[in-house]
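For reference, the structures are reproduced in the following blocks.
Consider the two complexes below, in which chain A is the common component and chain B and chain C are the respective partners.
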Partner chain A sequence: MIYLIDDKKIRQEKDYKWTDDRFESFKSLIKPIYTLDDLQENTTDIFQTGNVILYHESFLDSTDIANEASDRRRRLDNFAKNTNSYLVLFSGSKNTRNLDGNIANLPVSVLYSNLETFIQKAKEGDINLKFLLFGENPLVIKELNDKIDAALLNMINEKACKVGNANFFIEPAEKNINDPLTGCVLQTIFSDTDNEFTTKINEWLNEMIYDNIFIPLCFGNTLLDYNGLRLACHIRCSPSKNQTTRIFIYGVVGADYLIHNEYFNILKTKNTSLISFSKKAIGESALIPKEHFSKEELPGELAKLKLDVPQNYYDNHAIANEWGIYQMARNANINIKNLDGFDIEKINSLYFKWLIAKNKLNEPIPEEQQKQQREYLVKIEGPKFIGKIELPKTKR
Partner chain B sequence: MPKDKYDFIQELLENKKLSPSQRERVLLLVKEEIRKEGLISKSLADRLAIIEELVNVKDISEENNQDLPKYFDSLHLYKYLVDYNQNPILKSTCHEIDSNELENILEYCETTEYDFEKHLGKILDAFREHDKKPAPPKVKALIRGYLTGKNFRGNPIKGWSTDKISHNWSSPELLQWSLNNQGVPPNIDKGLMINLRKKGYQLRKPFITENGSGIYSFSNLVLYFKCLFHIRSDNSLKNIIRNFNRASGWEAQIDFEISDSTFPNNIEIFTDVDKFLQAYKVIIELVLEKPNDKRVKPVVRLSLKENEDSVEFSIFHVGSVYGKTIDNTTVRLGNKYRGLIKNQINGLCKFYVQADFESGESYRVGIWDQPDLWIKIKPITAITLDKQVGGVEHIFVIVKPNM
Partner chain C sequence: MKYLLIDDLAEHGWKSILAKAVLKEEGNLDIASSYEVALKKIEYPWDLIFLDLRLSEQDHNAKNIINYSGFNLLIEIRKDFKRENFCTPIILITASNKIWNIELLRNNGIDAFYIKEHPDYKFDKKTSRQNLESLQFSFLHLKEIGSKRREIWKLCNYILNKLGTHSYFKTQDKKYVNIKERITDKIKLGYTQLFKEQTDFEKAILPAYNESFSFIIFWSILEEITKGFTNILETWNPPPYKRDTNWKFRNVEYFIENEKDAIVLNYFKEDKVLRKGSKTYDIATSEFKKYHGDSLINLSEQVYSLLAAYSNDDSAFQKLCEIFKPLNKYRNDNDFIHSSVLNIATMKLITENAKKEAYLKNKEILEFIKMILELRV
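Now for the complex of A and B:
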């Protein structure tokens, strides 16, 4: 059993999205403890061999026994050492993750980011604190983190390159390059969801045309997702003033690390390159002469991508249904956003955007077709979305 | 005994050029002289003992130790730092600010949105109050510099800590940033940052600390500051010492023996890490100054032990011999130790030497562990050890409140 001893419930819910409902879905595996009373009530259960204790280091600081906090932590430590149990100490004042036998120390953000992976692994009988420290693939994530840290240290005193053209630079929320390129427009990406990407592309890339867009390879919930590849796909598939602008994805690993990534093929398309995580590489890339890349070439380039049907669709029929609705609405010159009952967020998913872009459905309907639509529109009642046929879960 | 003989003895004993051992020798001769003349009586013997004691005290206070500081109990330092770390307001200067902490700040600042200026005002008020507690001036200066960028006279300083860091809570750049980033704590936690879609304060000029950490943001700075006074498993003394040895180039000159069983990672200490390392450096320099066979590196065994009310850090120079007699050790404080006490040890920790002396006996001597030592009294805590030490061991004892 995993015991999560953390008094900071607001942080848990607001900052890290670990709500009561989310804990409830794992209730056979994890039990959160919020108060000293709770802790004392469950002491016997908690201190059992084989348990995992996730302990907020300042848990006792605001209780009546604050002066015993240090001693209690030491006793927890001894318990973990002397029994076959696991102890994880986390705090908002830790900035490193380390593992010493069956005792780990880590920042609070790392704990909550990787908690679900850890629980899932524990469910499969694989209790390994490395999943909590680094997530799904601990070795590679540790390697990525170390490489990023080393690269940042290396360029700490390096000056930004001065280039004369228009550059748009996207940085991750943490472990970003300070002052990467003189005169660039700098924005931070805080989330790795399709919706966030769509919103930010609309917000950032519709004002002016840039010469280059720089994207971090690793950001978001796990560095291993190489979300920069997906963001580049989004930019190519989203109608904007910069849909064909040259993209540089800066990262600490080469293409050999990315080859199995679903979005890898974006690197095979025109005007998209992977470059090193360094100011020098960024500066030099910005000055490479550009290759012509027109919107007409885009569908052909996007056809090189091989995207999987999103996991929230249970089969190809489901996606065909949505796709059919979208096309019907388009052909009828009806704004899909005005259709009641159609989940507009689906249009923001990369898969949908990709289908639309590679099939040139972003382009306006030819004038002749529009003329015919206007003629027919007066004769027929407009289509209405009346619902979908859902198969029972057992048949999916 | 004729009167002129007494006068002569008196003059001799008052002569400041006599070393303690020479003075002891004179007293022994006087005793012998009196015994020969058959004049010894109980009262005279008592008076002689008093003279003897007075002469020794005179030696300690006059010759040796005029410039020693007043003894400062190191327990004050521990309490000062623990209280800082747990202070409801000041703790926000040594942790990242998450949603929970943000709520606390809004409550005591009586606002609905984070306001850096109000928060800073509360921090400085809380520090002024906290700073009334006793602590060594250096640690007070460290925290004052970190929070205000000023010294105790209120004059701006170039930087705080041995890294001479100019960024601090009262920097004009930070204030300017806060005006452009209303509602955002400068040392924001990652979760809150994603929640608010706002970054904390990024340093215009990132830098590398003496221990090799890159400091890019104010959050990095806050966590680094905490590492300067809170030793614990993720900032263990073992790692700090290892990094320091490496950075100082000592690993090539000394064989350090550091074992996990005698130097655990999980011992928690609140101390002035900078000062602690400076004191450690003085002891290592003593090891390197010892004449030895250049073909063989000296061996230094480091260990850490936790007791009920203290933590003992031992620097054991294996196979070395202490260069002074036990008498000399308890009477005369060498220049190195005097400097160490004045500049680092006083107020930081108690300080002991444990060694095999030339007489063949082994002692533990409290060099700096009680008030009035060396000024009015000799190290009376010198104790004979049951077994040989096997070298020279310097021990720093960090005193903790007894829980």
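Now for the complex of A and C:
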């Protein structure tokens, strides 16, 4: 039996079209759980060997036992590890898919779009979490790996091009090109989280201005997530010295494979291109004359991205809260990092960075506005007693 | 000053940003992160409340604003004049920009609002800045208004509570019940008049002098108070209430006592000073004519006689008179009762100083009414 534990019923119906009727048609295979009472009532049935538990990570956040959330998570992990059962953790804050044995992590949108396929396959007796992660044809990931392997094999005797030393080359932790570009600055990307991207951009791209940045299309937990597109978006949205530097994303698939990716539109923006997975393509790209791309053009280009509000914002932490706080702090000339309780990691999320860059909010507020804020402080504090002036008798 | 922020995400940055960007001080902002906690905290007085509308997951699923926890808290706060935070300014912090929702909330007691910016309806830089400046302006304005509202509300509420326990008004006698109801209405009318805000367009075109009109309303409560302290049955004949000279207070003291070819008053003037004590005026005096029969008696004289009847000795009477005299003079000089030629020929009708003075007189008249209700009966 599959147990779907998610309190966001409205989102299920509105965003993913999983209505009561749709669940009803699979009632012998899946049971949705919406409340803590529901969960507690069905605990014995849920924790039966062989079951599949699909668990929304913030399910307990708005319940009376929110403080027990991490403990409960651990118990779920142990259950999956120690029995022949499956655990799928999903949330709106996840960007990538990951499968480790019988435990999977994936974004909420992926879960709901592949859920019917997964149920159908389970009905046929084929319980395979890959259907949930990759849909109808989970073998495509193998195809992708094969393509990369083939491309690497083709390059064995290929020599790296010699270009200037103002090229920054990012390689994945695995299956990387040996000596891709002579003279380039080479760095390896190990993780695919928004935070890691922000950290690395700050670390790598703030010293000198490069002519070109090369990014792998496939890296991270799941090559099919095409994280290179997201990393390119991060570079464009981060206020580094290389915010407008030309970006080449090298990969083994063409744009037709990427069209449904959320970050595909980065390829429609100026100075960002998709190139082949070969030393030749990399070398030739580095030599293409540069197009002028100024910071003034950036907001207009970023507007083409059209990123969706991350799904986790439709949990109880609505985006208006984070965005509202950010905007109030900015207008009051207060550093957001000095606020207590504000989840500063939110600022590092691509969506936030995109909003900030697109609306030119990285610029300091005008001097006149700063003055206004200083005046407000004076008004609210009222007149201050500084000291007494002793006048000579003649002037009294 | 003590402020309350009611918001389920108060500890996720809202408390901190409001303290830093609006209050400009830390430590005075308390929080309530749920409806249940907020319900308990609104039992205590606050100088200003920041109110979020949606405090739970259920609120996020609710389709109608009237089902939001924040809306229900607003109703709870404003539902009765006697509620501890009836007078407290409330600034709504909302993600809704629907004007009909704001209108509904205004009609139910919010004083100002701040719209949490949402990327879906992004503000440009100028509007975003104005959004904060408008909040800061509202806060400054409401801080000042709020302390005035609480000052007056406390006095009004004290009077209403006192009426509820005062032996003269805790009665089944319909006449006194009616007096109590009239005082209650006048208290609320005066409060409403004093704090009625004009719209910006009205401010630009129409003059306002709330303070003076509310003073007149509060002053007129003395009419009810003097009757409430009077033994109506022994002073007036049955309706239409014609007096037969005697005026007797409920503590059996007489203001006017009819004697054969004379009347006796319970206070008199000596060397320009009012004194407590009986004085007899025979038929030949002008006082006899003034007070005999069903003649109308000035309100100020009714008050002086009440003070005389209920003060223990002349010294206590003098003290009360000293409080009442300037109020009486202020009332007599009020341009909306009768204007002197001096006023008409030389004074502007409304000035900022006059408004300030009128506000203080509102406080003084309420304090005076409070004092009367505290007299031993």
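By our rule, the second predicted complex is superposed on the first by the 238 of 396 C-alpha atoms of A that agree within 3 Å, B and C clash if a C-alpha of one lies under 4 Å from a C-alpha of the other, contacts with A are read in each partner's own complex, and residues count from 1 in each chain.
Methods note: a contact is a pair of C-beta atoms (placed from the backbone, for glycine too) under 8 Å apart; a residue touches a chain by one contact, two chains touch by 3 or more.
A quick note: this is a predicted structure, and the numbers were derived from the prediction, not measured.
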First, second, both or neither for A:203, with chain B first and chain C second: neither
Partner chain in contact with A:77 - chain B first, chain C second, else both or neither: first
Contacts of A:338 with chain B and chain C, given as first, second, both or neither: second
Partner chain in contact with A:10 - chain B first, chain C second, else both or neither: both
Chain B versus chain C as contact partner of A:108, first or second or both or neither: first
On chain A, positions contacted by chain B and by chain C: 9-10
Residue ranges of chain B touching chain A (in the complex, touch as defined): 86, 91, 94-101, 103, 189-195, 197, 199, 202-203, 206-208, 212, 214, 216, 219-220, 222-223, 226, 230, 232-234, 265-268, 306, 401, 403
Residues on chain C engaged by chain A in the complex (per definition of touch): 8-9, 11-17, 20-24, 56-57, 60-61, 95, 116-120, 122-123, 125, 128-129, 131-133, 135-136, 139-140
Residues of chain A defined as touching chain C within the complex: 7, 9-10, 62, 309, 316-325, 327-332, 334, 338-343, 355, 359-361, 365, 369, 372, 376-377, 379-381
Sites on chain A touched by chain B in the complex: 8-11, 14-16, 57-58, 61, 66-68, 70-71, 73-74, 77, 89, 91-96, 98, 100, 103, 105-109, 112, 149, 152-153, 156, 173-174, 176, 178, 188, 190-191
